[in-house]
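Two complexes are shown next, each including chain A; its partner changes from chain B in the first to chain C in the second.
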Partner chain A sequence: MPIHEKDLIRPENLRTHEQLTVDGVDVSGHWSTFIQSRVVTDYNEALEDEIAALPGGEFIHRCWQCGSCTNACTVNAVNPDFNPRFWIYLVRIGMEAELLRDKDIVWQCVSCNKCTHICPRDVNPEGVMKAISHWLELKGHTPKSPSMVFDEVFSDQVIRHGKIEDGRTIRRFFARTGQALQQDWLIEMAKRLARHLPIGLLARLGFSAAIAPRTRGWSRARAAIEDYVKDQQATQRRALGLDGPGGPPTTREGA
Partner chain B sequence: MSETKPKADKYRRVAYYPGCALEGTGHPYNRSTKAVGKALGLDLVEVENWNCCGAMEVKNIDPKVQTYLSSRVMSIAANQMRMDVVMAPCNGCYHNLKKAEHDLAHDPASAAVVDRLSTKAGHPTYQPGQVESIHALEWIKGAIGEDGLRERVKGGLKGLRIANYYGCMYTRPRNIFPEKDAGPGSESTSKPHFMDDLLAAAGAVNVEFPLKTACCGGAHTLSDSDLSTKLVLNILNAAEAAGAEIIATECPTCHSGLEMHQIRAEKRFQRKTRVKIVYFTQLLGLALGLSARQVGLHENVSESRELLAGKGLG
Partner chain C sequence: MNDSILIVGGGPAGLAAAHALARVGRRSVLVDKADRLGGAPILSGYAKLVPSGEWAKDAIGGMVERVRGDSRVEVHTGTTVRAFDGSPGDFTAQLSDGATVRAGAAILATGFTHFDSLNKPEWGFGTFPDVVTTTQVEQMISSGRGVHCPSDGRKPQRVAILLCVGSRDRQIGREWCSKICCTVSANLAMEIREELPDCHVYIYYMDIRTFGLYETKYYWRSQEEFKIKYIKARIAEVTSDGQKLIVKGEDTLVKRPVTIPFDLVVHAIGMDPNVDNQTIASTFGVALEPHGYLARRNAYGNMAETSRAGVFVAGAASGPETIDDSIGQGHAAALTALGSLGAEKASA
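Moving on, here comes the complex of A and B:
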C-alpha cells in the first residue's frame, strides 16, 4: 500500500520489549519492537457491491488510493482516525471486520465536499461516506446516528409539506434524540434574538411554528416522492440481502 | 436561455428563490437582499409557490429526490414564470440548483427519475439549460459590478476590516460549477473573491483570511455540536488573528452556525471571541446608505450595531 498515513498494523499487535534476546543475540533498544503477524481470512467479498448499491457509493470502484480525500478532509484534521481513503480501501478489498473498528465515527462526515472536489477519479468520497454510514445502520452494526435522525426529521417535513420551518425541525430533532431543548447555549441564543426582534417577526415565527409552512397543491408531489423512496429502500435492502430468508436481522435500530 | 444578453441586462430582473432558511433563522439575509435589490434598482420576482431544495439532508435519504425538489423550483421559474435566471442567496439552495442542473444534463438515471416524479406531481419536467441559476453574489456582481457599486455607494464602509467567509457549498465540488475557474473575471473555487470584490468596492478593507472556504460543520450543527463548535472556533480565531472586525457571510447556514457556535464556545468551553458576523448584503446595504433597521441588523444574533454605529454606519 503506497500511502503511509494509516496502515493495517493494529496498535495492539505491536510488541515492544525493554530487554530482548533473540537466538542468543541481545536486541534491546532499536530492535525491540516487533509486529505480531496475522492472517486475514474473513473477507466479505460482497462488501464493495453492497456499498455501491447504496446512494453515493456508486463510484467507489474508481478509487486508486491517491489519498487526496483524506488529505483534504475537514474531519480528519480534527480526528486522524477519520480516514476516507482507508475506509474506501477496506471496502474494496472486503475487510469488513477492519472497517467495523471505526464504525462509530464514519457518520461524522460533515459533507463539506473537499474530498469530492479534489478527487481526481470522481469517486465522490463524500457520497461513499454516507453510503458506508447508511450500510452500518442497515446491517445493524450501529444505531441510527444523530445526523441520520436529523436528516429523517428534516426530510420527513420536506416530503410532507414541501417546505420546512427550522424551529420545528430543531424541536423534533431534540425530542427524537432525547436531548433537552433547554441547552444553556440555545437559551442564550433565544434570549439575544428575543431582545431585538420586532413584534411582527416574533408573531410570524410563532405562527409558522404552530402551522407548518407548506407548498400549495403538494399532495401529488408528496405521493410520488413517497412511492419512489419506498421503492428505492426496498431495492437497497434486497441488494444488502436483508429481506431474504435467513438473512441478517432486518430491524433498524430506533426506526 | 439567452446567452447573448449581457449579464448587466440579464440579471436586472430575476426569479428570486429565498428558500426555507431565509423565512426562518436567515430572515435578516432575506430582508437585506430585498433592500439592496431595491436600492440598486434590480427587480426580484419571487418564485411562485416554491418548495424546499432538499438542503443538506434530503440527499441522505435519496439524492435523486433532492434533484427532483430542486428541479421543480427551476421548472416553475422557467415554464410558469418564463424567467431566464433564478437567484438564490442561500449557498444550500444555490448548490442544489446547480447540482440538479449538472445531474440532469449528465446523468440519464437522474433525468428519468425527475421526469417520472414531475409527471406524477403534475408539472412540466425541467429541462437542463432552461434557466441559469446564480448566487446573490453573482447577481450583484453581474448586474451592477464593482464600478457600478462605487458610483452608488454613499459614504461607504469606511475601511471596515472584513474577513470574507464563503463556506463549502458555494464552490464545491467544482464539476457542478462549470462557469467558475474559467479565466479572468470568473469566480475561483479555491480562492473565491466575488464578495471581496463587492465589499472592497463598497469601501471595506478585506483582511488576508485563509479560511474563506473552510467548513463550519453546518451539516452537523446540532447532531455533532462539539465538532461544529471546534470548526467554527477555528474560523472565528483565524478571522480575529487576521485583524478582522467583521466576518461577512453569504449563506444562512454558515451565518447561524457561526453565531450559534460563537455563543456555544463561550458558554461551554469559555472561549470568547469578539468578531461580529454580518451578511454581506447587510454591509452593502449600509454602504448604499440604508439604515441598520432596513438591513435587519437587529435580527442578527451577533450584535454588531454598536461597532458599526461607531463608524457612522447604519
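Moving on, here comes the complex of A and C:
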C-alpha cells in the first residue's frame, strides 16, 4: 500500500549530509537523510485584506471550503494542482509561503466562471483567481501573464481612442509578448477573411487600420478614465503596502 | 391527592414550569441548591444570549423576578431534596432546610454542569493563565471588564477558540455533542471583534454545528460581517514560548502541521450531565440514560416523562439543551404534570 504521507515530503526539504557521525555511528550520505520540518509557524493576517482590496477578491472571506468551485473548475479537470478552493483557504488563513508555491499556475484560470455559478456562498472564486494573479504581479512574484498583457493592450486602445482596431491590438500583443507577427494561423485567417468578407467591410477594416479613427470628442472622456484608473491603481498599491503611485505600467508605445 | 407540583431547579426550564403552572392557577414549590434562582445563565454570568442578543441578567433575570413576585410559587433556595416518597398524586419530599413538601407530581429541571477543562490538560487550562473557557469570556463581557488576557490584563490581538472541549471525545468518556457551543463560540467571536476590531479571531473546529436558523445569524454572519476565520483542525496541544501561547495541531485542509502563537486561547466547554445526577437519580428513583443524563421515557407520546410515573424532566437535565428549548420543555413538563394530576382526579 502506498504511504500517503510520502507525498507530503518535498524534495527541497530533504537534507543529506555527506559526512556525519552521530553517537559514534557513521551515517554519512544516504543514511543521514533528514526531512526538514514543514510546520506553518505563523499566519500573515494582511494577506486576506490585500486580496480583498483587489477587484474580484471582495468576497473571499465568505468561503467555507466546500470545494464546489474546484469540483466544477475547467482547469482543475486537466490540472489537479489548479485548486481554487485551496488557494482561497491559503489566502484567508494567511499562508503566504504556501500560496507562492503555486504562483505559476494561478493565472491559468480561463474565466469560465463555472465556479462562480456553483459557489453556495457567492464568493466569486473567478474574481479571486484574478485578484490573486494581480496580487502576484503587483508584488513582483510573477511576470505579467499573457492574458494580463492582452487586457492592457486592449484597454489601453479603448482608453486612448474610444475604439478598438483588431489588427493593432494583435500586433501590439504579439510585440509585447515577444511573438512573431507572421504566424501561420494568422496568415491563413487573413487570407480567408479576404476571400469571404464583403468588399465594403474589408474596405472599412483597411481604412481603420491605416487611419486609426478616434471617437469624436473623446479627449475629455479619456482624461476622466485615465484619472479614474490612476486613482484605482494608487488605492490598490496602498492596500498592498507598495510605494509609488503607479500600478502595472500600461502600454504606451505608439499612439 | 395533592394539587401542588414540586419543581427541582430554578434555571430557565424550572422557572418556565413554575410560571406556566402559576398562569393556570396552580401552586408549585421551587427548590434550588444555589442561593439564587436563574440557573447557569445567571450563576455563571453569561453575557448576551443566543439567539435574541438580550443580556442574560435581563432576560433570565426577568423570569426570576416574575416567579419571585408570584404568591403561587413557594421558593426554597440553598436547598436540596433529601428524600422523595409516595406515588403519583401523593408524593412527599423532605427538604434540606427542614421543610416537608407534599406534591402531586415533580418536575426535575436540574440542568447540567459545565465541563471542567482541567480534564483536558493538553490544552493548557490551569497551566497557563491566558487559557480560559467560554464561560470566563462571557463573564469578562458581562462584568463590563471587557475581553482581556488574565495574565497581565492586556487586550489580545489574536484569539483562538477551540471547539468541542469536553464534547465528542471518547478519550474522556464524553461522546455527545453539546449542541450549543458552536453557536455560542461564533457569537462570542463576534462580540470579541465588536469590542476589539483589530483582534483576529480563529475558530478551530472538527465540524460546525450552528443548527437550524443559527446558520445565517451565527456561522454566516460571523464570516461575512466579522471575518472570523474557521480552521479545520483538532488542536493537539497548547503550550507557551514564555511570551505567547503556542497552539499546535494539523490544519487538515492543507495537510500541514501548524504551531501558531496566540494571546488568548478559549475553550468552548461542553455540557456535562449534572454532577449530582447519581444522587438525583437515587433520590427520585428515576433512571439515567447511558451518557449520565436523566432518561426520558418516550420521545413522542407524552413529553417530559421519566422512568417513574409522576416525575417529569425538562431542559438540560436530560441532555445538552439550548436556553429557549429548555424554556419550551419547562412549559411542556408543566402541562404533562398537570395532565397527570387530572388523570388522578378523574380516576379518583
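The rule is short, and it goes like this: the second predicted complex is superposed on the first by the 200 of 255 C-alpha atoms of A that agree within 3 Å, B and C clash if a C-alpha of one lies under 4 Å from a C-alpha of the other, contacts with A are read in each partner's own complex, and residues count from 1 in each chain.
FYI, a contact is a pair of C-beta atoms (placed from the backbone, for glycine too) under 8 Å apart; a residue touches a chain by one contact, two chains touch by 3 or more.
A quick note: this is a predicted structure, and the numbers were derived from the prediction, not measured.
Shared-chain residue A:Y89: touches chain C; no touch with chain B. In the superposition on chain A, A:S147 contacts chain B only, with no contact to chain C. In the superposition on chain A, A:G167 makes contact with chain B only, not with chain C. Once chain A of one complex is fitted onto chain A of the other, the partner contacts of A:S111 are limited to chain B, with no touch recorded for chain C.
Comparing chain C and chain B on the residues of chain A they touch gives the larger count to B.
When the two complexes are overlaid on their common chain A, residue A:Y228 makes contact with chain B while staying clear of chain C.
Touched by chain B in one complex and by chain C in the other is not one residue of chain A.
On the side of chain A, the complex with chain C involves touching residues 8, 37-43, 45, 48, 61-62, 64-65, 86, 89-90, 92-93, 95, 98, 121. Listed in rising order, the residues of chain B touching chain A in the complex are 20-21, 23-25, 27, 49-52, 54-65, 68-69, 72, 113, 116-117, 120-122, 168-169, 171-175, 189, 214-215, 217-220, 222-224, 227-228, 230-231, 259-260, 263-264, 267-268, 298-299, 301, 303. For chain A in complex with chain B, the touching residues are 55-56, 74-75, 78, 108, 110-114, 116-117, 122, 127, 130, 134, 145-152, 154-155, 158-159, 162-167, 170, 173-174, 177, 184-185, 188-189, 192-193, 196-198, 201, 205, 208, 213, 215-218, 220-221, 223-225, 227-229, 232. Residues 158, 200, 202, 219-220, 223-224, 227, 229-232, 251, 253-261 of chain C touch chain A in their complex.
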